[in-house]
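After this come two complexes, each holding chain A, first together with chain B and then together with chain C.
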Partner chain A sequence: MSAAEGTVVHAYGLIADRPALSLPGGVDGAPVTIVRAGEVSVLVSELSAKDYGPEVWRAHAEDPQWLEHVARQHHAVLQAMVEQTDVLPLRLPGIHPDVATLEEVLGEQETALVRALEAVLGHVELGAKVFLVDEGSKPDTEQRPTSGRDYLARRSAEATRREDARLRRQSLVLDAHESMAHASTHAVANPPQDPALSGRTEPMLLNAAYLVPRERMDDFVAVAEQIHEGLAADGMTLEVSGPWPPYNFAATPDDTMVGQDG
Partner chain B sequence: MDHSTSPERATSGQPTPRSGPTFVGTRGGGQQPQNLADILERVLDKGIVIVGDIQVRLLDIELLTIKIRLLVASVDRAREMGINWWEGDPFVSSLEEKEEEDRAELQRRVDALEQRLTEAEGAGQIQATPAEQRDERG
Partner chain C sequence: MSVEHVNVGEDVALVDLIDRLIGGGVVLTGDIVLSIADVDLVYLGLRLVLAPAHVVEDSVRLSRPPRRLEE
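Let's look at the complex of A and B:
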């Protein structure tokens, strides 16, 4: 049950296996290999338990630097693969005592795993975020109020203006999400990100992901560009990122499908 | 070259996707590296779980990945649209509380100003230039 002598098997993701895949380097340069069980192919690296065993994970659960180190490398493998074939990401930490045990559990869950991979075949994930970059001018700040009443009236007018602008932006953002959802197979909206992690200080009004057929990426981007232009007038900007491995759309049939959308 | 064996329609003759996320809509800013929030959000919070892996599910990690910072949100409107991702997140309630506090603070300041005006008028100190005193208070 506990990790076999010295190593653990770190699993990156399922792939649609095909010849001539070029496998990238894994965590800390460890070789990435493919473990096959029935119809399922999983990318793995054997890592030192001393560095990546369960105890280490527990110890670093809230250590952003350590997590970043692992997360970036884990992601880099999947990113390299999504450019060659379809990928179904595994969540971190997905570690197994040894290859034999992994093969066993893969065999047991083959049907569900194959179905989960099939759900994203031919697709990539595109991310879209809307930021508020310009809240709009405050028309009467230069002129001093002439009386207390005037001051209060201005405060009130300003509050109304801000509220109207806010509602308008919100409606535009939801429309944007809807349009992009239409241009995709599935869509999911996530909570806005913490500025401390994203490095973005502008308010994030939308943080969404879309499962897009590879051959329709250009169409999606065209829709996004149109939306971006539409949002600009209201001080907002749309950013599309990708193609990502379809993290947001990876689910076994037993799970609630995160990307379910109509 | 390996397209003949592609399952389904994967990479159906399209050029390979650009490497790494590219950003549209912010061309001025140039390419940005994948930000940490994007990666952690996906890698730690999404993705499939193979039942039977070593159980080190780390609930606390979610604290690192997701902090709702909804400055502009009408919960009602979003709920109508079926978008309610922040529901149940304590962070949002604290935002709402903050708005309450802001309003209370504004009210306090208005009251204080009115008080000062009344006093000033009573003492005949000022005619119509209270704005100068108000300035430093924002």
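Let's look at the complex of A and C:
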């Protein structure tokens, strides 16, 4: 298969090849096909260089609408695949000049890519976030302070109560992460999302991802539900999302090689 | 609580998607965009998808370092 004039190849991700896969539509409805090189199978679409060539990417590198358009379609393909087979997401931009060049690159990195795919075989990613929805009731303030000393004592007691509650929540969240990590193969805690990005005003106390064996998803959810009930008493909620393609567990070939002794 | 099934279409929370696409996924060498455009610029662009200008700088600084598979 040689590239037609004026096209580039967009690579979505590696898959554990299975017969009878139903391939979704790709970017702008372009057909998604499978390129095989050695033991590696990659999902690709041939796109017009006029719309998705390197110069276009450069021109739109800071264009939110354009990037969102590509990101959503890139994700949609990976999401459709993770519901059928195991998939290793490739990072955006992911543009290659033609299939022959891509095959060459895949061949050069075959060992590392196979290893990276093997690390997620049989797994999906589940996301978990903990939000603080209720900071707890204020102490009884019906009685006015009887003196300046009393006022200061109350202030100090309130500060202590808040700090104790904060430390308690911190410990509960760490326990929750540990329990979910225990129910998964790998776990990663990411920085909490900025409220300006998420649109959520409640403080986010945990933003984690877990690599979970497909057959243990129900177990993971059962653990999460138990945690959720436990956190409620301290004004927190747990939200689980997924199954996602394992974005958080797709190590680069270099990372994988470095991480082998771990 | 129930596990929210991530939708394939427009319903995926953009912030969750961006959260995963920035720094997530395997990099193939030979990517012709990476060779001409600073990839950080693309990720800054992805942040811009949602962020008011004043938070972008912090978000980029806080975005996670490259990860390894081991914990």
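The criterion applied here is as follows: the second predicted complex is superposed on the first by the 233 of 262 C-alpha atoms of A that agree within 3 Å, B and C clash if a C-alpha of one lies under 4 Å from a C-alpha of the other, contacts with A are read in each partner's own complex, and residues count from 1 in each chain.
Heads up, the rule we're going with is that a contact is a pair of C-beta atoms (placed from the backbone, for glycine too) under 8 Å apart; a residue touches a chain by one contact, two chains touch by 3 or more.
None of the values given here were measured: they were computed from a predicted structure.
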Fit-or-clash call for chain B and chain C when the two complexes are aligned on chain A: clash
Which of chain B and chain C A:Ala233 touches, first, second, both or neither: neither
Touching partner for A:Ala119 - first (chain B), second (chain C), both, neither: second
Per-residue contact with chain A, leading partner among chain C and chain B: B
Partner chain(s) touched by A:Pro203 [first = chain B, second = chain C, both, neither]: first
Touched partner set for A:Asp86, first chain B, second chain C, both or neither: first
Contacts of A:Ala181 with chain B and chain C, given as first, second, both or neither: second
Which superposed partner A:Ala250 touches (first chain B, second chain C, both, neither): both
Location of chain B clashes with chain C - one stretch out of 4-12, 22-30, 76-84 or 130-138: 22-30
Contact residues of chain A, present in both the chain B and the chain C interface: 8, 11, 13-14, 54, 57-58, 61-62, 64, 67-68, 71-72, 74-75, 79, 88-97, 101-102, 104-106, 108-109, 113, 116, 127, 190-191, 193-194, 196-199, 221, 224-225, 228, 237-244, 247-248, 250-252, 255, 258
For the chain C and chain A complex, residues of the former touching the latter: 1, 3-6, 8-10, 12-21, 24-39, 41-42, 44-52, 55, 58-59, 62-64, 66-71
Interface residues, chain A side, partner chain B - complex: 3, 8, 11, 13-14, 16, 18-21, 54, 57-58, 61-62, 64, 67-68, 71-72, 74-75, 79, 82-86, 88-97, 101-102, 104-106, 108-109, 113, 116, 121-122, 124, 127, 132, 144-148, 151-152, 155, 166-167, 169-171, 174, 177-178, 189-200, 203-205, 213-215, 217, 221, 224-225, 228, 237-244, 247-248, 250-252, 255, 258
In the complex, chain A residues that touch chain C: 8, 11, 13-14, 24, 54-55, 57-58, 60-65, 67-68, 71-72, 74-76, 79-80, 88-97, 101-102, 104-106, 108-109, 113, 116, 119, 126-127, 181, 186-188, 190-191, 193-194, 196-199, 207, 209, 221, 224-225, 228, 237-244, 247-253, 255-256, 258-259, 262
Chain B - residues contacting chain A, complex: 1-2, 5-14, 16-26, 34-56, 58, 60-61, 63-74, 77-78, 81, 83, 85-86, 89, 106, 110, 113-114, 117, 128, 130-132, 134-135
